């Protein structure tokens, strides 16, 4: 955390009333924290429009480990991209299904490419890429 | 526009710097207007989580009017829901393709149902529902 | 509509059962139409990742026409981009609020820029860009 | 994997050509796998519209661990929901920033509530909920 600036916002009272209800429903400590969250969320969305930005993402996969060769393929693909894949979390959801989450760091286009490649493997039943951020300047 | 309230927001200077760049890139007049936009956008998203809220949406359809019976089906479906469909705009994109936009007013669940029904008709090549708002209290 | 190709899909029976329920709930005529819709929707999403593709979008705006100078600003902005803006639909939602939908044709980056510019105008309470398509090759 | 059913899909040849390009660009083994992915993705989206469905989600958080009391608050919140939180992965992105991913299992409304609560804590700079699935019947 660096230096803090304080500035004023003017808002229609009815709109502010509804925003205050939202703030309470989502357990924000105060208006500043809620506004900062909206701002950061929008900046992160914007960041991902530029293919060469250095960023961080997480890839969530649901797969059936009984699918032949799947574990080998997943491992092989991940080793190809070992520079970008920071860490992996693995959970056994039931007798068949695994949840795997990968934390990935790299350029926007690299992170998207890795996600595309993993999501298309046979046996991967569902997958999503979360586009987040390195946290710097946020 | 009713009464205006003014309140203070504190923000890390680096974050504010990036937000100011965003404000300039998107041609906002000032920080207040940009913050109000973020707040309203979030409130509208929230509104659409409740199936019984009265709201407004627009449905965008791309279709090939040479598809047999399509125009009849679209007209028939729209008459079924004539209470909710406020207006329609129609454009001829090329020899084959039409763009049609419907403005719809009603409960969230009604608007979604109408969109589902129109998007599934054969010949409708693409369609999207925009969930917006009546504008009240925004 | 050009030539039709027929091809086979293999699917786990339980997954197919759930898909058939989805097809019925959304009133699709058959599996082919539902699959084509999923495919077209994905291709349109993909299309919008390339800034130079020629495409079609619709911009939905909710605004308060009592806001000073707003109508003038909206008109002025739209005339700047008159080459890209094909048509406009306007509705009076209540004493204060208007719904305006613009059909826009041009490169992805142009359509996005027009949307950004209109959404940031003071008095525009909510707005959304729908990224659709010219319909060609869909 | 249970019993497999095979069924036919008819598609305009031009559309199929573009789909085949998509399939190659995303490294799918064949059309069946690509169609199954589209179907599963849509069914998961649909599942999350029902608040009482049992499901699985992952919550990605970026936070600054130097923020006073943040680690304590995060731990405390997570213990409140220890029944639903299956596992956590933690990474040190730089001197300040942590990436934390939580795997959560429970009803749609519970998973959303947990995400809302964590994302609103001061010091959490960015967060996203991925709505995925238990994998059953997918």
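The chains carry the letters A, B, C and D, assigned in the order they are written, with residues numbered from 1 in each.
In this text, a residue touches a chain if its C-beta (ideal position, glycine included) is under 8 Å from a C-beta of that chain, and two chains touch if they have at least 3 such contacts.
Keep in mind it's a predicted model, so treat the numbers as computed, not measured.
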| Moving only between chains that touch, what is the shortest number of steps from chain A to chain C? | 2
| field | Between chain A and chain B, centroid-to-centroid distance (C-alpha), Å | value | 25
| remark: Whole-angstrom distance, CA centroid of chain B to CA centroid of chain C, is 9
| field | Per-residue overlap in chain B, given as positions that touch at least 2 other chains | value | 1, 40, 138
| query | Touch graph of the chains shown: is it line, ring, star, complete or other? | reply | ring
| remark: The chain pairs that touch are A-B, A-D, B-C, C-D
| said: Going by the contact rule set out above, which residues of chain B touch chain C in the complex? | reply: 1, 25-29, 33-34, 37, 40-41, 44, 56, 58, 60, 62-64, 66-67, 86-89, 91, 93-94, 96-97, 99, 101, 103, 105, 116-117, 119-120, 122, 125-128, 130-136, 138
| message | Give the list of chain D residues in touch with chain C in this complex. | response | 1-19, 22, 31-32, 35-36, 38-40, 42-43, 46, 137-138
